[in-house]
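Labels run A, B, C and D following the written order; every chain starts at residue 1.
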Amino acid sequence: MSVINQKIPVGILGATGTVGQRFIQLLESHPRMVVAGVGASERSVGKMYKECVNWKLDTPIPEAAGTLIIQPCDPTFFVKSNCRIIFSGLDAAVAGDIELAFLKAELAVFSNAKNHRMNPAVPIIVPLVNSSHFDMIPHQRSLFSLNRGFLITNANCSTTGLVVALKPLQDAFGPLSRVVVTTMQAISGAGYPGVPSLDILGNVVPFISGEEEKMEEEASKILGTVSKTDFSFVTAQDMRLSASCNRVAVIDGHTESVFVEFKQRPAPTIEQIETVLSQYVSEPQRLGVYSAPEKAVVVTHLPDRPQPRLDARIGKGNAVVIGRIRPCNIFDVKFTLLSHNTILGAAGSSIMNAEIAIARGMISD
Amino acid sequence: MSVINQKIPVGILGATGTVGQRFIQLLESHPRMVVAGVGASERSVGKMYKECVNWKLDTPIPEAAGTLIIQPCDPTFFVKSNCRIIFSGLDAAVAGDIELAFLKAELAVFSNAKNHRMNPAVPIIVPLVNSSHFDMIPHQRSLFSLNRGFLITNANCSTTGLVVALKPLQDAFGPLSRVVVTTMQAISGAGYPGVPSLDILGNVVPFISGEEEKMEEEASKILGTVSKTDFSFVTAQDMRLSASCNRVAVIDGHTESVFVEFKQRPAPTIEQIETVLSQYVSEPQRLGVYSAPEKAVVVTHLPDRPQPRLDARIGKGNAVVIGRIRPCNIFDVKFTLLSHNTILGAAGSSIMNAEIAIARGMISD
Amino acid sequence: MSVINQKIPVGILGATGTVGQRFIQLLESHPRMVVAGVGASERSVGKMYKECVNWKLDTPIPEAAGTLIIQPCDPTFFVKSNCRIIFSGLDAAVAGDIELAFLKAELAVFSNAKNHRMNPAVPIIVPLVNSSHFDMIPHQRSLFSLNRGFLITNANCSTTGLVVALKPLQDAFGPLSRVVVTTMQAISGAGYPGVPSLDILGNVVPFISGEEEKMEEEASKILGTVSKTDFSFVTAQDMRLSASCNRVAVIDGHTESVFVEFKQRPAPTIEQIETVLSQYVSEPQRLGVYSAPEKAVVVTHLPDRPQPRLDARIGKGNAVVIGRIRPCNIFDVKFTLLSHNTILGAAGSSIMNAEIAIARGMISD
Amino acid sequence: MSVINQKIPVGILGATGTVGQRFIQLLESHPRMVVAGVGASERSVGKMYKECVNWKLDTPIPEAAGTLIIQPCDPTFFVKSNCRIIFSGLDAAVAGDIELAFLKAELAVFSNAKNHRMNPAVPIIVPLVNSSHFDMIPHQRSLFSLNRGFLITNANCSTTGLVVALKPLQDAFGPLSRVVVTTMQAISGAGYPGVPSLDILGNVVPFISGEEEKMEEEASKILGTVSKTDFSFVTAQDMRLSASCNRVAVIDGHTESVFVEFKQRPAPTIEQIETVLSQYVSEPQRLGVYSAPEKAVVVTHLPDRPQPRLDARIGKGNAVVIGRIRPCNIFDVKFTLLSHNTILGAAGSSIMNAEIAIARGMISD
């Protein structure tokens, strides 16, 4: 009881879904947060979590969360339960209004849905990349007339891995001019039931609705800055990005073939690029928060890595693995990156964002 | 008997391998050629084909070829059997010398191995692209002091699909300046036993040894021309190509995400590109040879196609399917292409090359 | 025009589904039947077939059927179009009443749904096994007060392969006493979207709802006889059958491990069993109907076959492949069988049943 | 240093193989054992482990073991290094003689190879089942003229899961009379490179060489007893077992459909069977050894479980999960079981056997 009291109570919306299950799993023994409420759709409300979830992870349902009763996705119960933080794994079809309701109830909302990402008052924060965008929050609160609540979104899962690779390069070598990326994305990214097996077994599906557009627009917002004067987002406008997104028969882990051109001439060498990537230290690492990976970027020199089946869990799924860093005939460098799409690419980033917020004192009692 | 006499006897080297099996399958009821000899490694010599092949195709072993006795991979038997054409599915480890021996025995050799592809006297012919490179043969014969024999190579399977897409664009709109391509290649491309299942099930392997280099150097040879003066190859030197090659859990069919920039300004529109691709007519179609696909390039407008499991057999595996033709933020156009790696990408191209040679009267009695 | 007039017009219900697509594919160039109508659910009615079907087969949509307009699943249009035969690929959720309506409209209905299978007036006919059960039709017509219409069901796909293996054994060696069977079933058996990829990629799901019960009850009806006195079904009551059904990551083809005990003592030898299986001739073969496989049962002596990816298309998907016939420590024999679940196990059997009915003169003008 | 000194130094033979890698992984932070030597084939000898292993597990190579130098597979180094225990993951092609040499060098050898399993002086011990067979060791030592050394084998991976399910039933309800089992086995059971991807992707291979024979003969030795008079093995001779073994596209975890008949009449009820299975306590649990699972048998009531992808890691891979316990039309009960083939089915059992030996004081200083 006393331990729970010391932890911050959090709520999970869309708790029975693919991302919701990851939240439940990752928060099981979190030292600073405890799951105090789980929300899901009407047909689950009132049932015990473990009895209505179609659990698809390869670890057991956590005992404590398993016995929680599913609540409706409105703030009443969560406010009453003293939740300070709301993690939303809601589907975009319903996330928009629900997340706003929780925001207006003065909760700190960490969303995985796309609905509010491009809102000029809402940051997309990839914790290994742009925690500086928390600076936008006072402005957001004033716009929404809030005292304590705020809304932070995650990036799309395929954007997340990419910007973690690009950020150290941009920091070290200045603006990127052109980035071509082809993704090979895991099926867990589509949720459950998600991708029909007849579509993906022994196959590649060269299309994920809206995905390329998301990568192209989110990346320049994330890699941009927050204006100190008017708190608007200043996008990384020198950078042009072109994406081609594919679904492959992989459970977890998005693999991306990336081709990068720098603005700076002469361009950095391959060795310089490797050094910068492997020495990159992100804010969660500096703050020492619980979910921070030991290294934000793990550079591998094995010739045929990273591979999603073997490497997606590196850094507990919160690191990006980069390999095959080599010269490009057209741009300056090409490489392959891998990130865990439901950990770093979803629940893990939300949790690290919350940990940063806690560390910064943004979650009041 | 008389029918067989009218057909041209052909030999298949490496007949028990993955590509060799495709030759046997595709030639089963060929109207102009009949398999008269099959060569394989020492341990199979003297055995009946059907008793030593580890047949991995989903159609039965053809009756006639099944009862042939495996021969050593030297020309003696094949010359005695009156073979005019040799299809080589030999592994690169042994193909070099063996193919030369057959060439010197005055046979028309169609090779799938990489060994002689970059030889300045040997063309790489993708039959849907550059049958004009047969013009090199007289020069080749004079260099090798041959009367009837000649040696034609196929392109690497991942190169093949790409150049079929690029050739119509180059013909219609002039030189290409930059091509970025990321491949997602089928396991059958690695032969048998080839890729271990522990490596590829639920996984992506972002590396295929030598593959990117092959794509980069072969494409500009194939898309280049043969000099009328000294019969040297003039490469498509304006074109820079950068490839990233990946293995995915697909049986047959290489999928490629392609980004293309033209030299011409203004660049052609998406509609012009679609029109040129879908109206492209290749030499095998003009000649009406047996294996020619109805359309060399099949343009699909379905939003999530081409897909290897569903589309690789289009045009009996001898066509390239192109979809998702759309504008690119960086270059002029991006699209996804699919080609069958062991048909058009290997045995099918060799057979069409032989059909072209027959049609051109290059296979003498 | 004249050719079409000579063919019997047929309708397909549930035409956009997995089984419906197989009907469309298999009937494309049928010599005696032509698809004259396609029925599907309300949301597709009025649209052109090729524009609303989510086609998942690896051959193109047949031209003629592709331009048909989807009709509602009631008999009006089909009767008006002079259809004599209705193939139903409807889902069990709706098949019951719709199929009855077509039956009452005096059409010959061939159903793949489970709804009417255990009806004492409706035969389950596996064409390679018990076409003798057509003898029930006059009785059925009198019960339903019909002149021309009748209703024949297919067996469940996993039952179908099994009874094709058991029937020749029962014919030759007398009643079977015990049959234990474990299935490894393809995902296409669950339709589309069907099995979520997260459930089956790299996995086995040891449960298919209702499947074991279907196998256990259907098999004894199919392997039984129709009483000449009261036209009731006399089940193969000596036979006890116990099934365990599993879903595996296979596109098409159900594999079954079967253990069989005969009543007769001494039991037949393995050689006798192989001989009887490989020499079995079914009614469709005797009648020489279009879809009959050359052999109903293909016995393979390769040590590691049958395999679904390589062997499911044998006999155009209308044969059963049996291998590994060997002694059993407990019963008399064990073996592995394979059948194509959407061809022989669904659409193919319906079509052969219709062909038998045509051959028997049961489809009047 | 002192901690290492307190731990028992152990050697791993075949350390770079699939089972060898599991040993390295599972022993990484073992409280009582430390890897002091790694042996592999000639071509690796002298290299650092992490530089010659083709590591295929999804956790990183342990630091300490990673820097060990590969030794030849003879006892010299291992004896010199004071190893007391040898874990052998050697291939059967070489395991026979090598393991004997280590035995003669007075080491405690725990083998995963089949070579000595049916030796009348060598027990096959599945630690969750028949640790009582350690009673054979004094007799074995006297036969081999040994003071300290002994040789214990593991069961074949598919046998292991089965006997863990059968043992509690036999203990509670007396002899089993008949057991029919069909396996669906993971590819990791075949080692690396092992199963070619062309054989298993989207496929089932209904044959694993020697596997059915192993299951049939090992099970009755394991479920039998050691005679107190002459120390011979008394097999569970009332039990007849018939197996059908299949390979499926699963990474880790063998699934088995099991049909069981008891000798006792009336047979136990399904409820009694469930109770006995879920309450089973094995020797490693009683001893409280480090690798013992909390429950040896985990009974699941979810309708579609166990599933290898989701459940193979239960009990850290050292438990057997049993589900779908239900009546059988022919025998008394049928169910589905799952065990992790490279943990409980290989390295995990060897380690638990060693832990039992340590607990019993059989590993002298």
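Here, a residue touches a chain if its C-beta (ideal position, glycine included) is under 8 Å from a C-beta of that chain, and two chains touch if they have at least 3 such contacts.
No experiment lies behind these values; they were computed from the predicted model shown.
S.K.: Give the chains in contact with both chain A and chain B, ordered by label.
M.R.: C, D
S.K.: Can you check which chain pair, A-D or B-D, has more C-beta pairs in contact?
M.R.: Per the contact counts, B-D leads.
S.K.: Hey, how far is the Cα centre of chain B from the one of chain D, in Å?
M.R.: Each chain reduced to its C-alpha mean, chain B and chain D end up 48 Å apart.
S.K.: Roughly how far is chain C from chain D, centre to centre by C-alpha average, rounded to an integer in Å?
M.R.: Taking the mean C-alpha position of each chain, the two centres sit 43 Å apart.
S.K.: Taking each chain's centre as the mean of its CA atoms, how far is chain A from chain D in angstrom?
M.R.: That pair's centroid distance is 40 Å.
S.K.: Two or more other chains touching the same residue: where does that happen in chain C?
M.R.: 56, 199, 201-202, 249, 251, 309-310
S.K.: Quick check: in the complex, which residue numbers of chain A touch chain B?
M.R.: Against chain B, the touching part of chain A is residues 178, 180, 182, 184, 199, 201-207, 216, 240-242, 244, 246, 248-251, 255, 257, 259, 303-310, 323-324, 328-331, 334, 336.
S.K.: If we count contacts the way the header does, which residues on chain B are in touch with chain D in the complex?
M.R.: 18, 56, 187-188, 192-202, 249, 251
S.K.: In the complex, go through chain B and note every residue touching chain C.
M.R.: Checking each residue of chain B against chain C gives 56-60, 201-202, 251, 309-314.
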